[in-house]
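The following blocks contain the structures, represented as structure tokens.
One chain, chain A, appears in both complexes that follow, with chain B as partner in the first and chain C in the second.
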Partner chain A sequence: MRAEIYHRTIVSLLVLLLGLPVAATLAYSFATRWGATVLPDGFTLSWYVQLWQDQRFLAAFFRSLVVGFGTLAIGTVVVVPAAFVVFYRFPALDKVMGILSLVPFAVPPVVSSVGLLHLYSDGPLPLVGTPWILVGCDLAIVLPFLYRAQANALGAINLRDLMDAAHILGAGTARAFLMVVFPLLRKGLMASLFLSFSLLLGEFVFANILVGTRYETLQVYLYNVRQVSGHFTSAAVMSYFFFTLVLTWLAARLGR
Partner chain B sequence: MKSGLLLIPVLAVLSIFCLAPLLEVAVDSLQTEDGIGLGNYLEILTSPFYRQAFANSLSVSLWSSCLGLVIALFGAASLRRLPGRLRDAVVAATNMASNLTGVPLAFAFIILAGTNGALTLLLRQSGLFGNFDLYSRAGLILIYSYFQVPLALLLLYPAFDALDDDWQAAAALLGARVWHYWLKIGLPVLAPAILGTFILLFANAMGAYASAYALTTGNVNLVTVRIASLVAGNIVLDPDLAAALAVLLVALMVLVTTLSQRLLKKSYHAR
Partner chain C sequence: MSIVEVSGLAKSFGQTQVFQDISFRLKSGELVTLLGPSGCGKSTLLRCLAGLITVDAGRIAVDDRDITGTPAYSRGIGMVFQSYALFPNMTVAKNIAFGLAMQKLPADEIAARSAKVIGLVELSGYESQYPHQLSGGQRQRVALARALVVEPKILLLDEPLSALDARIRKSLRDQIRDIQQRLGLTTIFVTHDQEEALILSDRIFVMDGGRIVQEGTAESVYAEPASQFVARFMGHYNLLDGTQSKALLGIETTGYIAIRPESILLSDHPTETEEGIPGVVRRRQLLGNIIRYSVESTGVSLSVDRLNGSADDLLPEGAAVRLRIDKSILREVH
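Up next, the complex of A and B:
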């Protein structure tokens, strides 16, 4: 009994600790005024109304969605066939891909932006300051993630037998992949796409250093309006937070 | 062999946006005003300012990794003892918290514990932590620890499956107290997982930039903050010096990882 009370206390403290900043921001986003008191004076929706009527916020949100969708569309087209080819034709390459996949994880974005700024500010690929460099960097962020999800899914099905069966029934390799294998991978793919999307919505370093206000995305907007009003910023943070929650919830549901 | 062509796009993206920039950083770090040389590295190693940046980054990373690890260890141990549905709810809540990173995380803490934050006022009224300053190294450790906890929990929780419940009962039967069991059995069994998690947390903190930048606008001297201000700041630009700092940062991360891996192998052999 004593042990159970102890465990419940520890877990409650943990939840309190993790929930406190979120709760404070949520409360602040609904507060009319919250000066030098522990609790706010009153509650209102006006910060959210103001936020969702702010053209700059809507534009930044829209840009983040464009970059996110674009990245994931390209990422899917690039990764799905590649993962299939690795597993079907060159299984030995899976290890190499695994190691290559670690590089974007291991290198902090601040470090690679130093090289990116030098390479793509001018020269044959003048991408800095355009959304394209964001799409590229975001691709590098999500490729390992998408590849791993596809690799896990491909490892879990009986790929060779399925392909052989489809071949015997007269389908070519491409057709067999699209009609038989891909439908089996779709659920895992969707789950990893939703998670990647929430990852990309939170990307700040590349967006701020490489592009900044020239193509202001959500995170850069959040940073730039930090001085406007704490309540307004809180409403923006909570809107963003809620959006990523929905994405991760969808990912968890699909991943089941 | 034609199917191998389908691998080219993946490799191209990784080369253009990850490997080439890394190579460029390594090359740039050797560029000095008077040709190729180690001048940038020398400048960093002899400058008290940059040495302070490394000291700060190390201290914030070590403290936040340790704090996050300890909190996650206690959390995971207790989480395992909760009934299934409650446990799932808590895991979902931690996953939710792991979405709060970077700029939004800094805001949330400013609202909670900034100069006029509710928690600051509460603590000030009660006379505790009267002079806690969020916009300082201590504040950074607090914020970093916050994003370390969910990550540590996620990585450590599965490792607890290695602990057989009977062991604790057996230890108790032999007269061991709870802390005795953890010290002699629980923690040694978990050691590889703890060390592995620590490496990831440490690397994560060393490379973190967004929340520190958003919280202190660069007033706390960290390596990542220095790198960014040397390539995108508005005072002095010196991309080659930034590249040398970046190489040293990555080298430090690799060093800590290798040392920990050594330690890990040793602990395996010891058993």
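Up next, the complex of A and C:
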């Protein structure tokens, strides 16, 4: 009984600690004015209306979606066949891929962005300031999630026998992959895509250092409007938070 | 006329020679077992016959047509895997129809032919189930139906019963043999289980270390093992080396003397004057219808099998016995 009270207290405190800033931001985004008083003066939807009518916000949101979808489209086309080839033809490479996909975690974005600035600010590929460099960086960020999800799914099936069975029955390698293997990867792929997407929407360091306002994405926009009005920024943060929540929920549902 | 002719087949992975100098002929409608311990190259050989792995040397011909370089799908071969290899995202019906769909046959023909094999493997009513909803035995029957529906010239079975429990294994084993004989299908069955091989096969090819070390009917391979390895692998042969055989039987040999456990007669109330070799029962194992005694005589331990008759016939451990060994059925192996 005492142990239960203790556990409940700890969990409640944790939920409170994590939930309080979100709840406060939510309340602030609906408040007309919230200055010296304990409770706000009144509630309004006007910050949301203002936000969703702001062309700059809509453009930044759209750009984030473009970069996110672009990255994940390229990521899927590259990673899914790569994972298949690794497991089907070169199983020893799985370890190499594992290490490779950990690199983005090992090098902090602040550090790698300095290198990237040097490399791509001029020379044969002057990508700094364009969305392309973001797509490249984001690919590196989501690679571990995409690859691991595929690797787990491929490791859980008897890939060689399935491919052999399909081959004997008359399917070529590409056909066997599309008809037999890919449907088994789809669920894991969708879950990892939603998770990666919400991760990319929140990416700030690379976007700010390498591109900044030249191709303003959602996080850079949030940063730049932080001085405008606390209520307005809160509405923006809550909109972003809600969007991410939906994506994460979808990922969790699909991953079951 | 032989339908399958294999000559001089060899395969190695890097430095490891998987099998070499494999040659055999199969007659039409014959069921042949590749029998051997794991790692002897039998499964790799089967995959080479199926066209899933290329061979380094040798020739495979079916109906006088050289198929050594032919891709798997146009060899006219059906294969069943130990892991079933059913497509988890497809229903039983879709799994079975896969090969026919790949041939782009009309839908009504696919349906008719699928229904026929589904009836053959007794899976009617399960068409819309997914593999994960079926038992192991049912899954393997789906795999069998999927291999049969394309009407292959040769059926290859790679340890199809190994993943099943004993009861299902026996009934499916009989069902496979029954279907194979009804269709008159030339079949190669890979197994490491000698009992399975003895029951199923028209002929057995015993493999060891990447070579076929003996081939023949089940009866001949069991009764006349060509080597010490086959004797050990096929049954619970007693193998006596030169010293042991001299001491026990007075026979000199440079190899081994193989004695089948069921060919030794035990006399359980020996008299002083009775013929036979004196021994003592050291251990008794009940194998169902057979009781296996471990009998020690002149420092040699022998396995002796007796039918499990009445309880009065049971010999206790420590009992003094006399062994009678018919020397005409002894075999000398190397």
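Please note the rule applied: the second predicted complex is superposed on the first by the 256 of 256 C-alpha atoms of A that agree within 3 Å, B and C clash if a C-alpha of one lies under 4 Å from a C-alpha of the other, contacts with A are read in each partner's own complex, and residues count from 1 in each chain.
In the analysis below, a residue touches a chain if its C-beta (ideal position, glycine included) is under 8 Å from a C-beta of that chain, and two chains touch if they have at least 3 such contacts.
Worth saying up front: this structure is predicted, and the values here are computed from it rather than measured.
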Chain B versus chain C as contact partner of A:Leu100, first or second or both or neither: first
Touching partner for A:Pro124 - first (chain B), second (chain C), both, neither: neither
Touched partner set for A:Ala166, first chain B, second chain C, both or neither: second
Residue contacts on chain A - larger count, chain B or chain C: B
Touch list for chain B against partner chain A, complex: 3-4, 6-7, 9-11, 13-14, 16-25, 28, 71, 74-75, 77-79, 81-82, 86, 90, 92-97, 99-105, 107-112, 116-119, 121-122, 125, 146, 149-150, 203, 206-210, 213-214, 224, 227-228, 231-232, 239, 242-243, 246, 249-250, 253
Chain C residues within the chain A interface of the complex: 47, 50-52, 71-73, 77-79, 81, 83, 85-89, 98-99, 102-103, 143, 146-147, 150
Residue ranges of chain A in contact with chain B within the complex: 3-4, 6-8, 10-11, 14-15, 17-22, 24-25, 27-28, 34-39, 77-79, 81-82, 84-86, 88-90, 93, 97, 100, 103-104, 106-119, 125, 136-137, 139-140, 143, 147, 173, 198, 202, 204-205, 208-209, 212, 219, 222-223, 226, 230, 233-234, 237, 240-241, 244-245, 248, 252
Complex contacts: residues of chain A adjacent to chain C: 157-158, 161-162, 164-171, 175, 179-180, 183-184
